[in-house]
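We just call them A, B, C, D, E and F in the order they show up, numbering each chain from 1.
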């Protein structure tokens, strides 16, 4: 069933929590890298706010690449694609921010995502996590899906405390204030079992130039 | 008649199944490659969801080129065009995802498509196949067209089981969970009879740079 | 009168047949090449389906250049412009597909178009010709214009057979299934009297790189 | 008064005839060249048909540069701007085609435009001149403006013959079928008094590459 | 108060006269140059006609750079930004043409603008000045603002003569026909006190290539 | 609470004051730099006027880089992103101009922002500060948030003087006329504690070329 948690075998696949008019749902953020020149493709009928979240997540990772253990050359020599199934369902809002950022961090570092974890929260460019709505419905959906841990903004703690204890007794919560706390909670230190081997052209210059964000492909 | 299966002489031509307000139909996905620099052209009055499916299929093939036996240099030195006749009929939705991916895989590898096979299913960026609707109507259309094998998502098995046995007695079904299973079922190991010979400029650098997705031409 | 067939002195000018709400009409597809880098310009108030037909025709010619006798370097070092007079009349639909493809093939090869020939039919990317509508009206318009031969899809034969014999006694018909049959029927082996002499920059590399479709200019 | 013919001192300024809902008018097509890389800018609130006319005129001049005495390097090393005053008045339609083409030919060759001449007519990509409407009103406007010669399509001769002889006794008409006849009638063999001196970068390659139409700037 | 004339300390700041539904106003055209490659940015909620005026002004200055004392290399190695405060007020129309051209000429030459001067008039690409409306209201606004000299098209002289003598006794008028007369009246021969020092990369080629108008940034 | 002032540990985070239909609010402008080629990304559901303010702020900083202590190479070798949380809230208007400019100046120089300071005011391209509305509501919001100093245009002094003394007794005001006064009041001379270390490719040319504003990414 599409509402069930899926495994963590692949880098770049992270479970998010969404709110719809008929209740909470889990969703999967998927990212892939292919050789290129720093382009970004966004698909899955994402609305403008959600696309801005993705671009902001990428900017954060680029601005803090060294500290986060990301080889900067990946931004120059690979294209990043972020897709959110199901492809025909329009999606919008800022609450997938931390999920998209975690997905990108996983694909860039090839680190394995912690199993049975899900998350929801807005990010800002400086790396703060902002609270989001629909917490109760999202928790119920996470539980139905078999999720065991949930990452939320500290400012959403009060929303969790309003949920009946029976619904959350099997769940543990990470309340975070920053993106770095999200990554610490969500990514395991080890890589996935078949990590991608990045290849780079031989560098002639002592310090390589960066191409920056060369293109954004959205329809 | 346009509703009849056509032969598998050409790489890149794959039979899909579509659902319209007046019943099921077969459709053909056609792809071609011409020398270029990694551009993608989409035509046939495709809607945004269907165009996103095509872009996602291409990303999957690029991210997994080596494993799938695709020479990476093709992405750098050729342009890909995907067209879906009839040109004046608007088409949309995610269900041509596996058909477009199979068509691209065939043109990139020049492998022959299995004869009398058709398919329908959404793809995701990590290579999962998702179920789609209109299965009964699509099966009827496939049968009318002379199709003998149909590839579907495992989650669509229950929809097939609801179809009267008389309608499916001449058909065999492949129920798949991943894109790789689709390709294993749909592509023969041999190439088409007059395979395209790819030409590449002489490479000066030890490792060639990739241009990535250099342009997307849609109207 | 604008409804009269015109001569075949120029490469790239081909007579098509159109259907409008007030009957059939002939139209002229004009193409020109000027030195550039592989750009394509489309003008004449063409609708999206007709522009997609033009792009599909160009892809076909590029993918099959060698077999069709087109020097590939033209795609790299010239820009192609396709114009359909009259400039203020909106035009759309797929039925000019074979006419645009023939016009492009003529300008690329500088081969003379057969005199007194006209055509109508949709093309697909793999080179099939699909049937189109309005055949009776188009035949009447062709006859009024002085056309003597008409190229149609084999699937339009039944539409011709429904036209009163008096109207078609002076016309001969070519029923085709593929684009290659169109070109065999429509282009003479000889070039026009003052063929364009293509110039190319001196090539340094053993195998020249292709720029692909570098730009599409439409308004 | 804006409805008066102005002098022919400058290359690239040509008098056209327009039809509006309140009668005929003269208009001026102005072109300028500045060092660049082959860009085209169109301004003056031009509608899509009129912009397509300009692009078609430029393609004709590029495809026939050698025969028309235009140094091909100008297309590579200069940007062309076409402006039609007054800047706030929306303008559209194909009838300025021959005027825009003449203006461009004048700026590219620096040849002086014949004094007291005006024109109206559509162009096609192969260089034909097509008839246009509003001939009577345009003739009256030309006469009021002090114009002495008018270039028209031969197919507009019948429209002139319907105008009362008193109105046209001071005017002479050039009835043309092709763009080349327009240029022969409209451009003097001599250059303007202070012709622009074109400068080109030193060429290293034996045959210079062309950049083609590098950009079209319209708002 | 925003309706007061401001000083002429800075190159590129020129006072224009605008007409709004509630009377005349002064406005300031501001331009700046920063190192770049020939891009143009327009801001201040400018309408399409006003943006076309700016692009036309820039084309004029580029086509006549040598005569106007503008070092051509600035167009290649700097980006130009034109802004019209207040930023939230939509503005349109052609009447700021001469003001924008004067502002650009000032920033390119670093020449000081004459103090207490304002202007209004449309420009054309060949350098003519066309008359504009709202003259009476504009004069009243200029007077309130402390302006002492006004540049107008000669064809607007009749509009000034209709204004009551009391309102114009402290003002002097420059009636012009061409852009060159505007610049002669509006720019002082000296530079501003801290002129910008333009820097250019060392030139290897004998004649430098021009990049032309490389981009137009408008939102 | 999102309406509370936050610390000044990070370069590029500056507190602005906004007016909404339900009263005043504080907002945070965030900027980041990542290696690139001079691109600009704007996010946070910014309206066109607000985006034009950001572009104008960047132009000002580029035109005055040397005087403001900004290493010009940053504009060539880094991409700038400006984000305004919360990401789903549409924002527009010119009043964040000085806040965005201060944020950019801080990230480019890595200078620390003064603690407990907030600001509101429009900027112009020549560096003037213009008055804005909603001053009373903005002051109340700033006070609630714990802000101690506020930067305003001198022309907004009269609006402050109309606010009841009790509301402003804990606040000090900086009334400014120019952008330079804003920066003098808002930025401390020291850098933040972990300043970004800018890296540049080795320069071969004596004077480096600038790429200018290479792209603007907005959705």
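One rule holds in what follows: a residue touches a chain if its C-beta (ideal position, glycine included) is under 8 Å from a C-beta of that chain, and two chains touch if they have at least 3 such contacts.
In this text the structure is predicted, and so the values were computed from the model without any measurement.
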Query raised in the report: Any idea if subunit D and subunit E meet via the same residues, over half in common, or different ones?
Result: different
Query raised in the report: Using CA atom averages as chain centres, what separation in Å is found between subunit E and subunit F?
Result: 29
Query raised in the report: When the C-alpha atoms of subunit B and subunit E are each averaged to a single point, how far apart are the two points in Å?
Result: 57
Report summary line: Whole-Å distance, C-alpha centre of subunit B to that of subunit D, is 49
Query raised in the report: How would one label the connectivity among the chains shown: line, ring, star, complete, or other?
Result: ring
Requested in this report: Write down the ring's chain sequence, where subunit B leads and subunit C follows directly.
Outcome: B, C, D, E, F, A
Report summary line: subunit B residues touching subunit A in their complex are 48-49, 51-53, 55-56, 59-60, 62-63, 65, 72, 75, 93-94, 97, 122, 124-126, 128, 130, 205-213, 216, 218
Report task. Please give the residue numbers of subunit C that touch subunit D in the complex, ascending. Result -> 2, 10, 12-13, 28, 30-39, 41, 43-45, 77-79, 81-83, 85-88, 199-202, 214-215, 217, 219
